[in-house]
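Read through the structures below before going on.
What follows is a pair of complexes built around chain A, which joins chain B in one and chain C in the other.
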Partner chain A sequence: MTGTEHAVHRSLRTRIRENQRPAAVWVAVLLALVALEAGALVDLAVVLVQGMVKAWPFGNPGMAGIESAKAAAEAIPTLLSRETIPNQGWRTSANGPWTNTFLGLEPMVAWLLRFALTYAYVGVLIGWFLYGYRLYREHYRQADWTPTDDVVRRFRSHSWGKFGFVVVVVFVVMAVFAPTLSPALAEENIENPYSYEMQYFDEETGSVETVFVGQANSQSTSQGAGDDNIGLWQYDDFGRFHPFGTMPNGKDLFTFMMYGARVSLFIGLLSMGIMGAFATVFAMTTAYYKGLVDLAVVIVGDSVMSIPQLLLLILAMAVFNGHWLEGIYNGGLLIALVFGLSGWPGLWRAVRGPAFQVSTEEWVDAARSFGQRPSATMRKHMLPYVVGYLLVYASMTLGGVIIGTAALSFLGIGIDAPTPEWGRAVSLGQPFIATQSWHIAMIPGLLVVAVVTAFNALGDGIRDAIDPQSEGGESETTAAAAGGGGG
Partner chain B sequence: MSRWKYFLQRLVLTVPILLLAMSIVFLIVRAGPLDPARAIVGMGNPAGYHDVAVDLGIERAVRVDGEVRYVDVPLWQQYVDFMAGLLTLDLGQSWVIYPETSVYEVIALRAPRTLWLGFWSVLIALFVGIPLGFYAGLNPNTWGDYTASFGGIVWRAMPNFWLAVILVAVLSNSQQLFGFSWQQLVVPTNVVTAPNLGFLTDPGMFLSDPGRAFNQLLGATKQILPAAIVLGSSSMGNEMRIGRTAVLETINSNYVETARAKGVSARSIVWKHVFRNALIPLIPIITAEAFLLIGGSVIVEYIFAINGLGQLFFTAATKGDLPLVGSLAFIFILLTLSLNVLQDFLYTIIDPRVGYEEN
Partner chain C sequence: MTEVVESDESAREEDVLVEVNGLKKYYDAGSLTGTPVKAVDGVDFDIRRGETLGLVGESGCGKTTLGRTLVHLEAATEGEVLFDGRDVTSLSGSELKRWRRNAQIVFQDPESSLNDRMTVGEIVREPLDVHDWPTLTVRVAGDPDATVTGDAEAVGPTATGRDVDVTVTVSGDDADVAVRDSLPIGPEDLAVDVDSGSTTTVDVELLPSKAQVRRAHVRDLLERVGMQREHYFRYPHQFSGGQRQRIGIARALALEPEFVVLDEPVSALDVSVQAKILNLLEDLQDEFGLTYLFIAHDLAVVRHICDRVAVMYLGNVMELGAADSLFDEPANPYTHSLLSAIPEPDPTIESDPITLRGTPPSPRDPPTGCPFSTRCPAKIRPEAFDDLDDETWAAIDDLHRIVRERGRAERSLRERAREVLGMETRFSDVEDIVVEVFGRLDRTPDTTAERSFEAMMDALPRDVRGPLVDVTDHLRENREEDALERLLDAFGSECDATSPAYYDVDEGGRVSMCHRHDPAYDDVGPVLEERYGDYAGR
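After this line comes the complex of A and B, so read on.
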């Protein structure tokens, strides 16, 4: 392939036009895969928009439109949905067959099937993207080798990083497919249990009865003493299966965890977006201009950092209590904003080194003397070098944000009840840790530990992949990761 | 001496940083959506509201035609007053938590418990984290190393509040779980209450009534230990990881190789060459730890019911005692900045590389 060096540079689009088959097949399969779950994705998007509009102080423009969009999203046929594989059914007689569940299966089996299929679907989807990358390398990339290949290769042999990646994917899938993965809908089981009815087989009357979900909840509580406990992997008296048991108020802990993951991920990603934007802009400008610009950002950054983050969060939550901003996503937006606005100096400091390093390279000098606009130089010649580091520290800081959010909810000033947040489950379960209802506080904590460790591991993996000699950068890493560690 | 010039630069920079940080606090406390005076008096008490507002400097009483009217003080005027007050160390008073008490008195009441907690958590983290990290670094890729490293990573990822909650539950039920009662161990204490620090405020007790004083010291230490372990946990993990890397780096460096070739004993190499140099990267971790303590103390004090400064800040913020919150924030910021200065100072003394980049 010596010819490639002399080949005229052609855009990716022309290259695809010249060899359409692999790309066409890949896109077609991808569309088919996405179409299978389109309902779930549209539903997620609608929920996000709805949360934004709900608390808008200046009237509710288009709330009706959103409601209809939500109904439309639910009407989109989805392969792995509660409707296709229902798990909430009831027996028709004592020890009789189940009705209303998938193929008459036991609720546990039906739920497990849906759960496993969802993860299998995501596995296939990720596999398809990896296959797509390979196709691109084989058919469409002009160069035989790029540095990215080495990065990918190094990451593939980094088992600690891969472990992190897998757990992070599990976590993200929890958040995205929360309604599918949960044994019950949060709306029915957690948020408005007295607006929904359910049926069950009553052993005493010997017939199928109808009851409010809330009533069923109040008779399925986990409060430690006596019979008041629905533990891990158990059914309650209403034929409902609880993989993680129930909470002290009888709500399903697994459902709570899945929707809680949604909240954590939303706050994590949003705050990371804000932090990342600030950190990138400042890293580029300070590295390019140095001198006074750098000094100014140092001063601003240090003053933001000198106020402990958790205290700032507590203060903001107290001051904005009842304000409309606090109403958006039940306080989630405000938490994300405070994290974002107070966390960027840590991220900026972490990438400042690499940014300065690249700014001294000859090509940056060349671009400058060539008369290229500073913004173009930063974007084209400096940013690509820094993006990897940004990813590393963002991944590690995200763990801190998740812990911080949970800590606020634990203190009772974070995400408003009844919206699920992992920290609140710990606080609800606190009195029962030493009893048989230990699961309420233990499981959320273990999940936080797993997710935070995974984000750290993913960060480690990426760092070792992009920069194999970078053991020394660890002190800055931990400083960044420790940002939310006050929780 | 370019090193000292560097230190001096950092010292001078502290001033604008302090001013800017205080401005941020001012913006949240005064220009935020919560009216501080309203938060103090609550709703439906207009007369009391004006009194408090005038006292806080938000409003001014003006006599018009023999009638008292209240005029808003412009925000910039409030800002000047706020900053001037804090910078002249006039911290004002608490309104809700300890009505009519000066902030100094409140802090004097609460600070010893937080300091006692902070002292022990730094100590525990240092004396567990660093030796473990050095052990792992001196024995790399052994099972001991893997256990210590993995333990450190997971330990660091544990949320303080969760760890604290678990620890409280375990200790409260130690009789059933381990067969001995933590409460009755050595000196009888509760799991969650503030330690009695009478011996700190009255050191003369050690002479007049040594038995009681030592008993109190023992009880206070025992009571603070679980909270200190939780608070020190994330730093412990950090110190371990950094310590391990630092030892690995120094042990593979040329001067250690040379020393070994000269026939210096292994013990002397470890203590004289490896240990001392490996401590350098640990400096920012140790100062950052003290920084983490300030934020973390809120959670830990809340769970262990230690009514120290962290808990004071939390209740003050949630109960609407914003003047107290502002003053406390000032104290915390001062504390952080002095820690930063201390860190730079230590760097300047210990690390010969500091300041070289500039030339």
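After this line comes the complex of A and C, so read on.
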């Protein structure tokens, strides 16, 4: 073995060591970006630990330590937090300056600033990762070209898919940054309004008064008739700004939507994860072993599919009533589990065909001929060709799950109040749809439509990106086979 | 010269690498839905070390299945495959995995045999990763009892060739280290430590990582098959069919196998590339001492590259022998037909090929007797019909095939119902068929006239007419089995009754499976000459 042989083959680490500058700059900027949100990340970790400790059935060991850790985490300055840019304040006199808001700005401006900053931050973060991928391609990757390059190129020129991607990102940011994006905290405004007090300038008494949030809510309701409406982009009498107006019970609709996105995304991703895991494992094993294994899964899948999903959900909600499973997210976990465990046959059937097609390729035989393990063969030689289809169908099914969850809440059997869920907003606003309080049902409804459409668009984009035959809108019947071509 | 082969051991004296005995591969054998597909139906042959055995035959004759069974991609239904004297059909688990290093396969379609999502390097390297190559074997020269520790294991003194990676010659505490040429490492890549106490202990440590050795090996292989070392990080997409096939060959050779099945390795390639790949395969065979089973349907290619050739038909080996003699003087009627089908490049030579009528029978329902009997141009005919002309015989053979086909055809419920009700079905036009088959015979001057069934029957010789009337009656009542039995009873011969044995047909050990080699019958050549005159391929 010659010396040059070693030189030609270098691990990624040596390649980076030999050309440090681009990687170092990239990592430094990334760390700076992350540092802006360090407080939130530490806080998240502490909250997760706390949740686990709380769920621990044998007492709550070390709860005091966790509480202090949480306090410490909250003390870390964070760019995108309500403390950095507060928007909830009050006037000290009629038409006087605002106190307790960011730089004394009026609440709308302060909130808008925080909102814009959040999306700008996420935009920069995504852009930075894309830039990192380009750096890797230019400086560190050994192959000049990989099939993934073509996939990326095709997706970049797919406007409909990019539209879907953008809307999905907007939606995911809503869920992740819900407390930052909302004008008020859900805990204060929606869940326990009578446990929190707020201050406002009362024009009648001419002084700053203190009132329970719940009381303020009950005087800011949107009930359609007369003055009883806080519509889009309005302040209420308590100096609170409502971008989407208020709900019939006076709670802030925008806050409700942000936290509702969290619930929808949680249910969507968890159920998709369950479905995806089942679908992948079954598609791989049935396609590799065929025969009896396939028959068994077909029978099991058909049996599961024959159960009406809605009835099963109602049944599960009834059976688990009061159970701890039902307590998590006011039934959100249970809904996700039912969707996941009853929905996998659909996803599995969608990818079974492509999996079978790949399993007949000679490279699978070749792997067998030199003794590759079945699991490795499935992972290396079959799964990469199926994963694109999985993404496509998963993103489309995700929209279905979101709409299903909303539908359940609309019917009143989904996620219970007070946990926000978009479908419940539609349900609550339905009586007022023809009045000036139309926003209560209309905005959540439109958002559901937008998000589901976006997930479908993203799925379309991914499919066209992984499928070279679809380029230029050719309607090739062999398109399915070519799913293997890309990357 | 024609003599039934004794199952003597004389063939074993030659250096046989692969010995196949009574190998059968049936599909759907365990299913409830009736008869299995007999893809390979009892095959015996052996492949000598270092030779290229060609396997030719029509599409669907079972040659690919046979090749795949030999490398254990299909489990044999029956029979044994002795590899170096060891039966490998029953291997499983780690034993099978270890054996797989010895036998590899190159696939037909280079588009399908390479995973497009992996780089060329990853593809060729994968077998090495799977087998944790290199598993260094060390032979301590002159000291069979020496212990070997470290990254290597000891092999016995009898091991030679590629079984010995490193040879260590101990002299005192010093060691002279020699590494096998085809490994991508040299003695400087090994740290060898000798401890000559009561028993000699040799500690061998591989200095570069195994990954480095594998990558170097892959690059060597790429270069060896005519690619460039820099192609390691390219993707299969970026190469032409011929180059992709070279990558497939490099992958098959990565584990340094002794035996390689080449499953139509050039038939998917451009003609201009075929020769290059064939030359590469021959070079590699010389360099690595490979043994090939070369599956092909291109007879010219087979003649070029193969030492011996096996001709397959319907899951059986019809003829097997040295390539030159087999091509020059074919013994089996099927070989005759195949060779006569090779197009003659010289247009001034006028000769007709022996056209095989019909298609091969279904492997689900092979003929009783000789597998080729339904289409054989030299089929033995009963003596009673010695004076019957060839055209009539051709018509009888056609009818035979049609009756067999009808017997196999599935009847739908609707057709059964129509039959019971006496209505027209696609099985009811018996007389039309007979007229169609026998009407072609030029028996009356007026050939253009529409001939009735009766008129046509009258024109036939009496001893033909009798059985034919019976057959037609049976068919009319949808009793295909009775019809077939009557046909064979009247016109059948040894060929339809018993499967022929293998006969020695030349001094070189060539064997052929045909009743005509029995001294009781005329041999194939004269019969074909008599029946077809100056046919092509002679």
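Criterion: the second predicted complex is superposed on the first by the 425 of 487 C-alpha atoms of A that agree within 3 Å, B and C clash if a C-alpha of one lies under 4 Å from a C-alpha of the other, contacts with A are read in each partner's own complex, and residues count from 1 in each chain.
Here, a contact is a pair of C-beta atoms (placed from the backbone, for glycine too) under 8 Å apart; a residue touches a chain by one contact, two chains touch by 3 or more.
Please read these numbers as outputs of a predicted model, since none were measured by experiment.
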Examine A:L185 and indicate which partner it touches, taking first as chain B and second as chain C; both and neither are also allowed. neither
Which superposed partner A:L411 touches (first chain B, second chain C, both, neither): first
For A:A73, decide between first (touching chain B), second (touching chain C), both and neither. neither
Contacts for A:A425 in the overlay, against chain B (first) and chain C (second): which applies, first, second, both or neither? neither
Between chain B and chain C, more extensive residue contact with chain A: B
Give one of first, second, both or neither to describe whether A:M378 is in contact with chain B, with chain C, with both, or with none. neither
Give one of first, second, both or neither to describe whether A:M108 is in contact with chain B, with chain C, with both, or with none. neither
Applying the touch criterion given at the start, work out whether A:I299 contacts chain B, chain C, both or neither, answering first, second, both or neither. first
Need the overlap of the two footprints on chain A, from chain B and from chain C, as residue ranges. 485, 487
Report the residues of chain A in contact with chain B in the complex, numbered from low to high. 298-300, 302-312, 314-321, 323, 399, 403, 406-407, 410-411, 413, 423, 426, 430, 433-434, 441-442, 444-445, 448-449, 452-453, 456-457, 471-472, 474-475, 478-479, 481-482, 485-487
Which stretch or stretches of chain B touch chain A in the complex? 13, 16-21, 24-25, 28-29, 32-34, 153-154, 156-162, 165-166, 169-170, 172-173, 176-177, 234-235, 238, 241-242, 245, 248-249, 281, 284-285, 288, 291-292, 294-296, 298-299, 302, 313-314, 317-318, 320, 322, 325, 329, 332-333, 336-337, 340
Show which residues of chain A lie in contact with chain C when the two form their complex. 1, 5-6, 8-9, 142-147, 361-363, 365-373, 376, 380-381, 384-385, 484-485, 487
Contact residues on chain C for chain A in the complex? 68, 71-73, 96-97, 100-101, 104-105, 107-109, 112-119, 126-127, 130-131, 184-186, 189, 208, 212-213, 215-216, 219, 229, 233-235, 237-238, 248, 251, 254-255
